[in-house]
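Two complexes follow with chain A in common, the first pairing it with chain B and the second with chain C.
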Partner chain A sequence: MKCNLKFTPTPQLVVRKIIGTIILILLITLTPSTHPIWFGLEGILLLGLLWWRRVPPRCVLRRLLILSPFVAGTALAAQYSATGVDWKILALRSTLCLLTIIAFAETTAVSDLLRGLRLIRVPTLLVTTLALMHRYLFVLADESSRMNRARAARTFTTGRRLAWLQAASVAGQLFVRATERAERVYDAMCARGWKT
Partner chain B sequence: MKPAISVQGLSFCYPDGLAALTEISFQVARGECVGLLGPNGSGKSTLLRHLNGILPERLLGENGPIQIDGTPVTSLHLAELRRQIGLLFQDPDDQLFCSTVAEDVAFGPQQLGLTAEEIHQRVQAALQQVGLGDLAPRPPHHLSTGEKRRACLAGVLACDPSILVLDEPSSGLDPRGRRELITLLRQITATKLIATHDLELVVELCPRSLILDRGRIIADGPTTTLLNDEALMLAHGLERPHVLQHAHPHRGEPR
Partner chain C sequence: MHIPDGFLDAKTALTTATLSAIAVSFALRHVRRELPPRRVPLLGLSAAFLFAAQMVNFPIAGGTSGHLLGGTLIAVLLGPSAAVVVVTTVLIVQCFLFADGGVLALGANIFNMGLVATLGGYAVYRCVNLMWPGPRGRTVALTVAGWSSTIFAAFSCAGQLAWSQTLVWEIAWPVMTSTHALIGLGEGIISALILIAITRTRPDLVATSSLGVTPVRWREFSFLCLLISLGLACFVAPFASSAPDGLETVAIQGGFAHRALAPLRSVLAADYQIPGLTSPALSTALAGMLGIAAVLGLALLISRLVLREASPKKMLRE
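Coming up: the complex of A and B.
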């Protein structure tokens, strides 16, 4: 689910965007904690970018909320470790990094991202794997919702133990079907000349 | 003239011991359109996969059971063979594996090592041919089943195959999608082998049919003769199609 409409950018623009995102993340991680004012500036820059690209604030908040366990996890680890890292600075740093990634993800279509990755010479096998994963995520999600619906249509009793058992069997079935589909997809790739 | 497809005594067992194909022999002449009929599990899909070289090593070789355009299917010729044979899979989601329709159609030509300009031309031509010119930048999961099927066909046609092998091309299509597919297939001049349950489609497109049941070829002959043989049809999980039973209100007598 994407929150805003995409336009088709030129490949050069996507490459610049990928490189820009990496630089911004490096900048955030390397900002010295003795100068917190820099975090403020980076935050303003990011919010400005999000506002400029018209990413709805609710969407950003929702994404942040989903990712917040990661921030909390690293902050907690810092609090109880003996390294002496301030957990507040660490939480701020991770939040800013996540905002950068959200800004990138919300303004880039997956097909453009893949094209950009190919252009910056990311190994083809990795890009192909990413592309296939993105393509079949939706097919598998559809398949699992169909299986769940079919299960619900014939579930007449309630009971936690039974529900868990059924969920496990749906997950297992989904795995088997995904494996079979992977084989068929590979056949289809070979049929159109994929070099083995 | 050498036949486009020649199969002599092909047998195949799945690893669990299930005999999927037993002593299959038939030939398809160049430009012919042949229907491959049979009940579920009769071995139609297995047979089609063998034609494309997705088959075990032991069946490859100079004396192997399958010849395409007079050339035996060997591991040396596999790439050339796959260029010659376009295989349309039963489930379009298996075949559309790229993130956009245009990328998917370009997949075959890219594997052929064509230049960017040639690839672009082939993609445009194939999408125009199947009437999907506007959908090129769309991701496949946003297409309807009919559009997916046509996108798959575009991906196959972009490789410019001389033989088209289609596995249940009309399954899951609404009447309009099915009609469009039949019109499209009629325009394609390549040799065609169509495995299907859609008997009306076979009557329309294929002058000749093969009937496959339990991995064996039961009958091989003119479609109308075979499909009019009610006893034969019923014995192998099929039936006489309506188009052969009843007079058409405009066209008159049944075929």
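Coming up: the complex of A and C.
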């Protein structure tokens, strides 16, 4: 679900984007906590970027809300442990880093990302695995929710123990189907001239 | 357990990234050499399976629900090096697409969940399975392995957080380990149930090396384990030696936590109070062993309940 994709960038541009993202995250991580004004500047920069690329604020907010519990938990634990780390700074810093990755993820198509990864010499096997995973991620997720729906339609309300057994059988069936699909995918790849 | 950015300092992030990069490239080379080309798509499909299987929820008391983490299950099904590649792929996608886990912390996350959890869990599985072969032994082994893999990962995660001085070790360890002792229980049971379900539909998939993945060569495996212990020596060893009091209190607290989980535990704990409490290392080791024994007993119970219920004889009778 990409929110804004206007043009397909060249792989070089994607590589630059990856490097830029990493540098920005490094900057945020290395900002000294004695000068909180810098966090404000970085935040304004990020919000400006998000506004410029027209990423809908609801997208960003939803993702931030899903991901914040761990940040909040650790920040809370840090408050009670006497390392001298200010939990507000900790939470602020990781929220800014989250914003950076969200901005990157929302504005980059996966196919472009894969091309960029190939360009920076990430091993082919890993890129192939990534590509196949992304291709079948939504297919298998659909399949699992379909199986769940079918199960819900055919069974009455059950006890908790039976519910575990059934959920496990759905997951097991999912693995079996994934394996069978992998065979067909291999045949299709060979038919298109794929070599290791 | 995905560590976000901003929680680790430079030295931790760099160390874990280096170790993970070495280990993953090693696993990739091993997989490329050993895996028949026919099975290459299976890696991607397994990664997608892991992602989709995490959406299947298991009801727990009070309306909450848990889901599979799955590194150990994949290691048992596909072999450890392939599992390292699969879990690494899942973590990369979670990081870049779903912003789950930080970019700079990616090395640490791969180290915890891709290496420590997967390989540690696999080692436990092999050990238990050697002692006890057969389908029931496999179920028990996977339950114990799933539980311990979660604990291992939590332990290493706590060490990293303490090493980068985000949390104090005395707080990080008990909090992470006690919560993950509960989470791991679910993980072990779910993994075992899924393995049983797969065995029932396609028993040929579970038999060793039927998926074309050679189990493992011990030389490779020991090299990977060496890398892991190197990392753990960095994160955990400095605290473990300098904080005996923390360890001791945690050992006692851990005892209480486990007693609530398994009635078996309270019987065993009576013996455990007599010797060894003066030496923190010994008492911790004892507490750990008792914890594992409790989980083993639980695993036995589950395997007996589930396997009896699903045995073909009973199905025929009905």
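Side notes on the structure shown:
Basically, the second predicted complex is superposed on the first by the 165 of 196 C-alpha atoms of A that agree within 3 Å, B and C clash if a C-alpha of one lies under 4 Å from a C-alpha of the other, contacts with A are read in each partner's own complex, and residues count from 1 in each chain.
Assume contacts are C-beta pairs under 8 Å (C-beta built on N, C-alpha and C of every residue); 3 or more make two chains touch, one makes a residue touch a chain.
Computed from a prediction, not measured in an experiment: that's the story for all the values here.
Of the two partner chains placed around the shared chain by superposition, chain B is the only one that A:191 touches, whereas chain C remains out of contact. Within the superposed three-chain model, A:165 lies in touch with chain C and out of touch with chain B [touch as defined at top].
In the superposed model, A:22 makes contact with chain C only, not with chain B.
Within the superposed three-chain model, A:71 lies in touch with chain C and out of touch with chain B [touch as defined at top].
Applying the stated contact rule after C-alpha superposition, one finds that A:63 touches chain C and leaves chain B untouched. Of the two partner chains placed by superposition, only chain C is touched by A:175; chain B is not.
In the superposition on chain A, contact is made by A:94 with chain C only, not with chain B.
Contacts of A:12 after superposition: neither chain B nor chain C is touched.
In the superposed pair of complexes, A:111 makes contact with chain B only, with no contact to chain C.
Counting the residues of chain A that each partner touches, chain B and chain C differ, and the larger count belongs to C. On chain A, the surface patch touched by chain B in one complex and by chain C in the other comprises residues 110, 131-132, 134-136, 139, 181, 185, 189. Those residues of chain C lying in contact with chain A across their complex are 2, 4-7, 10, 24-25, 28, 31-32, 37-49, 51-53, 55-59, 68, 77, 85-86, 88-90, 92-93, 95-100, 102-104, 161, 165-168, 170-172, 175, 189-190, 193-198, 200-202, 205, 211, 306, 309-310. For chain B in complex with chain A, the touching residues are 49, 52-54, 79, 82-83, 85-87, 89, 91, 93-100, 103, 107-108, 111-112, 137, 139-141, 155-156, 159. Across the complex, chain A meets chain C through its residues 21-22, 25-26, 28-30, 63, 67, 70-71, 74, 77-78, 80-83, 85, 90, 93-94, 96-98, 101-102, 104-105, 110, 113, 123, 125-126, 128-137, 139-141, 143-145, 148, 160, 163-165, 167-176, 178-179, 181-183, 185-186, 189, 196.
Residues of chain A touching chain B in their complex: 8, 110-111, 114, 131-132, 134-136, 138-139, 142, 181, 184-185, 187-195.
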